[in-house]
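Each chain carries a letter (A, B, C and D) given by its place in the written order, and its residues are counted from 1.
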Amino acid sequence: MITVRCFAAVREILGYDTRKLAPSDTLQRASDVLNAVAGPRIADLPRPLLVAINCEHAALTSPVHDGDEVAFFPPVSGG
Amino acid sequence: MITVRCFAAVREILGYDTRKLAPSDTLQRASDVLNAVAGPRIADLPRPLLVAINCEHAALTSPVHDGDEVAFFPPVSGG
Amino acid sequence: MIVRLQTEDFDPEHEAQALGVKGAGARVSFVGTVRDMAADRTITALDIEHYPEMTKAEIMRIGAAALARCALLDVLIIHRHGHLAAGDRIVLVVTWAAHRKTAFRGCEEIVDALKTRAPFWKKEITDQGDIWVPGEIPAP
Amino acid sequence: MIVRLQTEDFDPEHEAQALGVKGAGARVSFVGTVRDMAADRTITALDIEHYPEMTKAEIMRIGAAALARCALLDVLIIHRHGHLAAGDRIVLVVTWAAHRKTAFRGCEEIVDALKTRAPFWKKEITDQGDIWVPGEIPAP
């Protein structure tokens, strides 16, 4: 399975913080995962949208594999 | 009177920390004061040699007046 | 290197002393606090959300990078999350080095990296409503 | 702005809290300590001589310049003189600002200026004898 995590405004807009997706040939990259979970609400998400795969910063073009955790969130604000 | 103050290695080399000089036409600049108090030992003093007049950083070429306090010291090391 | 995430407050001096770093000529500390004003609004509180599984790992990577690049002797990073009031401390970053320039450089690099890379999101509770604080976009 | 010269030790956090600065989002602190090693020698103590009539005035000028140039909210500078042991604190510089960059800039500017402008001279008591620490030459 692929675990999808959403944080902050992304979580508020999509309405959940965790979802599981069955791996599929159509889920090659993080952007494919985003399309699958966001659907038409993708237009409402904050830009730029950041991506992490397995707790490391990644890109929408990064490849996704079975077992990965893919997170979507707005620009961060630590410190 | 002109008060002369010496600090750190300058004090150690010249052998005193304070001296008074009567104002004179030959004491126009800080360098004149230095020559008057150091004599031949001027060659032993650390270089560069810093100067303060009335507790503000100055230069060997700065003018000196009756009542001034003129200080000579090596580069400082605060902090 | 110590990295800690917590909801509770901390005492900056106590935390720095506890590391017992020896031989450092210079120590630089950064303490970030919740501001009570921002532009036109009064801030009463800050809710800090984070990504627990990622946050500590990412901060460790940030600290380790600065430790190596700036030849630091040690690094301490404490970051709070949860509900904070105006004036509360949010973050402490302390760097130790033989000389001042590297201690300053390391501390500022870590604070900058926390701003753009550590997965925290802040919602200000203000007199004009609740507002997500815009994050900083990392340089490409 | 508080500037203090003293022979006694200080507690950095206690001193910073005592100022009670409000509305600062960022606080940067520098603590300088007596190193116990330098290149090839072991340092057991440091004798710090200063120019009492000038020191406080010069540090006030340094603090005021940074306060204005970096839009700081407040500045605290404590500098010790006299006989210090290895590991002892020498100096504390704390800057408060709305944002981190100005707090870092102000603190580092003050520490740099203390190095080249504040009339202190340090003699290291080492296993190789007593050695004047070379001062830093101010940039022209």
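General observations
The rule is short, and it goes like this: a residue touches a chain if its C-beta (ideal position, glycine included) is under 8 Å from a C-beta of that chain, and two chains touch if they have at least 3 such contacts.
A quick note: this is a predicted structure, and the numbers were derived from the prediction, not measured.
The minimum number of touch steps separating chain A from chain C is 1.
The distance from the centre of chain A to the centre of chain B, with each centre set as the mean of the Cα atoms, comes to 71 Å. Separation between the centroids of chain B and chain C, computed from CA atoms only, is 48 Å.
Distance between chain B and chain D, defined via averaged C-alpha coordinates, is recorded as 26 Å. Among the residues of chain B, those touching two or more other chains are numbered 79. The set of chain D residues touching two or more other chains comprises 32, 100, 111, 115. The full set of touching chain pairs reads A-C, B-D, C-D. Those residues of chain A lying in contact with chain C across their complex are 5, 7-9, 48, 52, 55-57, 69, 71, 73-79. Of all the residues in chain D, the ones that touch chain C in their complex are 11-14, 22-37, 87, 98, 100, 103-104, 107-108, 111, 115. Put simply, chain C touches chain A in their complex at residues 32, 49, 51, 53-54, 57-59, 79, 90-91, 93, 111, 114-123, 132-138.
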